[in-house]
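Have a look at the structure below before the remarks.
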Amino acid sequence: MTPLAVPPFSPIGLAICIFFILLVPFAGAGLALINTGLGRSRSAAHSMLASLCVMAVAATVYIVLGFSWQGFIGRPAHVLTVGGKGWNWIAAEPFFARGLALDGSPASLAAFLQMLSVGLAAMIPLGSGADRWRLGAVLASTALLAGVTYPLFAHWVWGGGWLAQLGVNNGLGRGFIDAGGASSIQALGGLTALAIAWILGPRLGKYSPEGMPAAIPGHNAVLVLFACLLTLIGWLGLNSAGAILFTGAPPGQVVLIGINTTLAAASALLAAAVVTRARFGKPDASLCANGWVGGLVASSAACAFTTPILAIVIGLVAGALVTLSVEWFELRLAVDDPGGAISVHAVGGLWGVLAVGLFARFPSGRVVDVTPLGLAQLRLPGSNSLQWLAQLIGIATLIGFVLPLTYGLNWLLNQFYPLRVSSDGERQGMDLYELGAGAYPEIDTTNEEFM
Amino acid sequence: MTPLAVPPFSPIGLAICIFFILLVPFAGAGLALINTGLGRSRSAAHSMLASLCVMAVAATVYIVLGFSWQGFIGRPAHVLTVGGKGWNWIAAEPFFARGLALDGSPASLAAFLQMLSVGLAAMIPLGSGADRWRLGAVLASTALLAGVTYPLFAHWVWGGGWLAQLGVNNGLGRGFIDAGGASSIQALGGLTALAIAWILGPRLGKYSPEGMPAAIPGHNAVLVLFACLLTLIGWLGLNSAGAILFTGAPPGQVVLIGINTTLAAASALLAAAVVTRARFGKPDASLCANGWVGGLVASSAACAFTTPILAIVIGLVAGALVTLSVEWFELRLAVDDPGGAISVHAVGGLWGVLAVGLFARFPSGRVVDVTPLGLAQLRLPGSNSLQWLAQLIGIATLIGFVLPLTYGLNWLLNQFYPLRVSSDGERQGMDLYELGAGAYPEIDTTNEEFM
Amino acid sequence: MTPLAVPPFSPIGLAICIFFILLVPFAGAGLALINTGLGRSRSAAHSMLASLCVMAVAATVYIVLGFSWQGFIGRPAHVLTVGGKGWNWIAAEPFFARGLALDGSPASLAAFLQMLSVGLAAMIPLGSGADRWRLGAVLASTALLAGVTYPLFAHWVWGGGWLAQLGVNNGLGRGFIDAGGASSIQALGGLTALAIAWILGPRLGKYSPEGMPAAIPGHNAVLVLFACLLTLIGWLGLNSAGAILFTGAPPGQVVLIGINTTLAAASALLAAAVVTRARFGKPDASLCANGWVGGLVASSAACAFTTPILAIVIGLVAGALVTLSVEWFELRLAVDDPGGAISVHAVGGLWGVLAVGLFARFPSGRVVDVTPLGLAQLRLPGSNSLQWLAQLIGIATLIGFVLPLTYGLNWLLNQFYPLRVSSDGERQGMDLYELGAGAYPEIDTTNEEFM
């Protein structure tokens, strides 16, 4: 019934896990700077403050409510028997994580990791909603993500839910596999970013009456590119901690995961540089940054199950895909996404999930001791075939269920509490209008051209 | 006699401790950016260089002298017998830490942690002395803190000194408890910041002849808010390493500590946003940043001994308290504290110390094995009553002894080596006057309005 | 034959090593910001993007090719017998690191550490080539470093090569010793920076027709000084991970290494402040930053083998040396090195290598258990005399072989693919010319004065 047995946890597992979990806030710091740097200077303080507030609301709501519905493998959950098989739909934990001893057990580590990751997912839409999304609405939308959308889907993937059960119950490979959150964190956040961008509509001046988009450059490329280095560190944490906690990877495998993660980011950056040079004559710094993060996003799902060579392939595809997708959303779909959040996190994340089906290789036995250190054992029950089908079902769930759900929730919110700032406020800039002060009061900026 | 037995230290304890200790410099990086961002652009390079120099002087002086007087539980110290009970006043270690094998033992880890923490305490006054405190005087003042004030008080709290002995000797709870340094690092630094602000006096143009304060906004809110994320990471290190080394917390408890620390920062931020919105109509980004850090500061003392719900309460109170305190110091006491250092670190720290008395719950036995991992044991001898009295005695010591001591030392210094720059220098900006070059030589800044 | 036996590796060794390895990217982030902040604003995005691309190319090339030639102690290599003794010249691993199980073994950890360190070495020349080095040429040059120069020299030092064998084969101390990469990362990168600066020539407007240098200040001192804090964190990782993996230091010794590393940076900063104040009347922020990093660089080689007092001495000398060297290269040699990369990394690194010969003390036995934790054993075979000669041979190899090699490779590259941008491009700024967009499009910068 339980698709994945929790590996017996050693002190060393705790030490390594806690270390990787505490790298995750660097991913948040990186996304905050990227979103801010790719936005306008007149909204810079607003963007950073919104990022902090998103983390704060997400962490609090998740501990108060979210974890109750996400839970962890082998812990209380609502199981529905269909066709003689038990399907696990939602966890059944008390609120405030009171059912859980916060003592270093795998379940408590998972709760800690999620408390930090859910904020990451909720920060992604700040990229697509930049320069026009009201702070109060950001917080309400964050509460919906941290309290409803995220824990529900993450339970299905990481809490022993029905997607993880596809292997044992239906013989689809090892069930849906996502070590580091390409689906539950990235694609979920990226699809929410799409919903937000649709509801908000494009920035004033972004599209001419004829529908031609204007290029509105970010105000600080140095912050954006510096932030890429922070995201690398954060993703090394995300991918390693996730692989250990959710797929039972032995601690020694963090070396493979670290090399794969770095190579995916590296090759995605180079792919983005080549593609933008080919299309525009010169490499584009912003799109290179998007490519780099897209490579990290795409590496998350399969990081523990591929070779370095395949990690490079995953990264190359991600970098090219993200770059083309940014153009496609801007030109074809007229979706205004200043930070490229949809392309980086939704497109990159879905590609990463698919890559598991294409490239991942799992140990063949049911229980395999893969480490010479004898620290843990890789236990992914299931078969060796049809893994791609399990991954496709996960992708279909994201597009067919999570996207409508997050769109619906935010559309409803918008009816009662409009997400978008007034036109006056947008012209004035979010900093002055919503916070009463600019980010750089001693510097004269010239940002009137796009109003 | 020894109030706290050092837990038997396992390799895993070393691994986890060293990891958390090395997160502490992020707290320093965060404070440096916050102080700089909340100051003027014409003093920005000075502020950052002063932060680096403070760290350098503090670390060096601490290893050369300070550790000799701080020591560690169970190591050589001067004990005075009063009323039949031994009271431990000051450590008796050789200079240059030569008495200590730097080999990963708990005492050596404590020395390493302190070497990094003392710089943190010494950076706090840079916030209140911004834009007018001479670099040479900063360094002299830092030497006094790292060589005298800090090691003395920290010995009493963390070195087995008389404050820690209040439990065993007088039956006041477990003795004065402060896991992460709300008193020894934060309140001590914050009270020194108050002393410095008093001695320096307000910036030119801060108060009108009628005593009305002018708002002088910080020059870069993005740096300030980014730095908040760095402080979170640093405090996760401070609180966890301190709890393990100084209160014998089992390594697995770092999960509880991490969740509590994050929730305290989160709720303090939200409280600051609500309070500033209520008072000024709009949330204030700088005060929100102050609130966030104030929540971290307040979390330090009790982080290992409360539930997540109580951590949220501690944070909410801290956020509101810090915000109101900033206004109170500026309007009522006419103390010019550009970085809010007094309110964040002194007020927030004292509240955190008090919160231990109000909320902390300790295991009931004298020696309790609280971890399923069998890694360490929580050993806080003493009773379960009157903990609040031990905490109040600590607060009284800070206000009644540490504040006069640090004020007196800096007052004396000021007689021989004036702390404040000349009026000309202040008008010109600390960068040009003391360093000969501005921080942003290619950008025209408009900062003449407050001169 | 093998000069250094790999210590038996425990799970705790893996945990501590992986943790320190993952701090290394902070060193890269720090160098990127330092190079960018010390450059002009019109090249800022280019500098940051080049840093990211350097990391990407270096990591990829190293895993594809470089590791094959670097290898690790006790693994396949080409050995040549000369005079009855076996000399190890180059490793013999398959490409793509396919011969290596990436499972947490010491060799796999070394590969991971190197993948991150080689990018660090390759980023150093960005400091000396700032504002005029074309992105395409940067990448080609990086590939040469990561594929040829670095793995070759690092094999000699860390892969059981002939420099490490000088102790066992010739009785020169313990053979050439460099725990954290003062030679293989820093001096190698710094000498490449010298080669690049020679090939590129000075920036337009740097020298008057009479040869007098103009001071061209960096555009953002705050970034530079903030980055110093990041480099400290990165170096704590480099020095500790290197000492454990390459010199068999017991994990507990990371406390000594951490204290020494911090004190070396601290004292080098203070030395630079004193020297610049003595020479120019005021401390210079940029040179203080250079001094700090120079202290870190110099600490790398001997960090595990000196006392804190000697670490302070190493730092003081490094800080003074770097400051004077910057002036010497600029005034006497007319080498234009905007970031001070040559002085910081080459001069600082060579001094650090020499300091091992002057100050290091090794355990006297062949195999010594130095830790009370029983975690590992220090095994540096060899004698206790003539260590200085081994170090001098290493220095001679760097200057006499590595410098000509890296100069020759880049000179050859320059024949086919010019390293320097056109004069038009240089006047326009690298951002606009090579990337098509500036880093700060909303800010008017005044940087025409030096054209």
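Labels A, B and C are assigned to the chains in the order they are written; within every chain, residues are numbered from 1.
We adopt the following convention: contacts are C-beta pairs under 8 Å (C-beta built on N, C-alpha and C of every residue); 3 or more make two chains touch, one makes a residue touch a chain.
Keep in mind it's a predicted model, so treat the numbers as computed, not measured.
**Q** Could you say what rotation angle superposes subunit A on its sequence twin subunit B, using C-alpha positions and rounding to the nearest 5°?
**A** Fitting subunit A to subunit B on C-alpha positions yields an angle of 120 degrees.
**Q** Count the residue numbers both subunit B and subunit C use at their shared interface, divide by all numbers used there, and answer same if that is over half, different if under half.
**A** different
**Q** Measuring from the mean C-alpha position of subunit B to the mean C-alpha position of subunit C, what distance in angstrom results?
**A** Distance between chain centres: 34 Å.
**Q** Counting only residues that touch at least two other chains, what does the list for subunit C look like?
**A** Residues 12, 15, 19, 220, 443-444 of subunit C touch two or more partner chains.
**Q** What residues of subunit C sit close enough to touch subunit A in their complex?
**A** For this pair, the touching residues of subunit C are 9, 11-12, 14-15, 18-19, 21-22, 25-26, 28-29, 32-33, 36, 44-46, 48-49, 51-53, 55-57, 59-60, 63, 96-97, 101-105, 108-109, 111-112, 115-116, 135, 220, 223, 431, 434-444.
**Q** Quick check on the complex: what are the subunit C residues that touch subunit B?
**A** Interface residues on subunit C, with respect to subunit B: 10, 12, 15-16, 19, 23, 40-41, 217-222, 225-226, 228-230, 232-233, 236, 250-256, 258-259, 262-263, 265-267, 269-270, 273, 280-286, 288-289, 292, 307-309, 312, 370-373, 375, 443-447.
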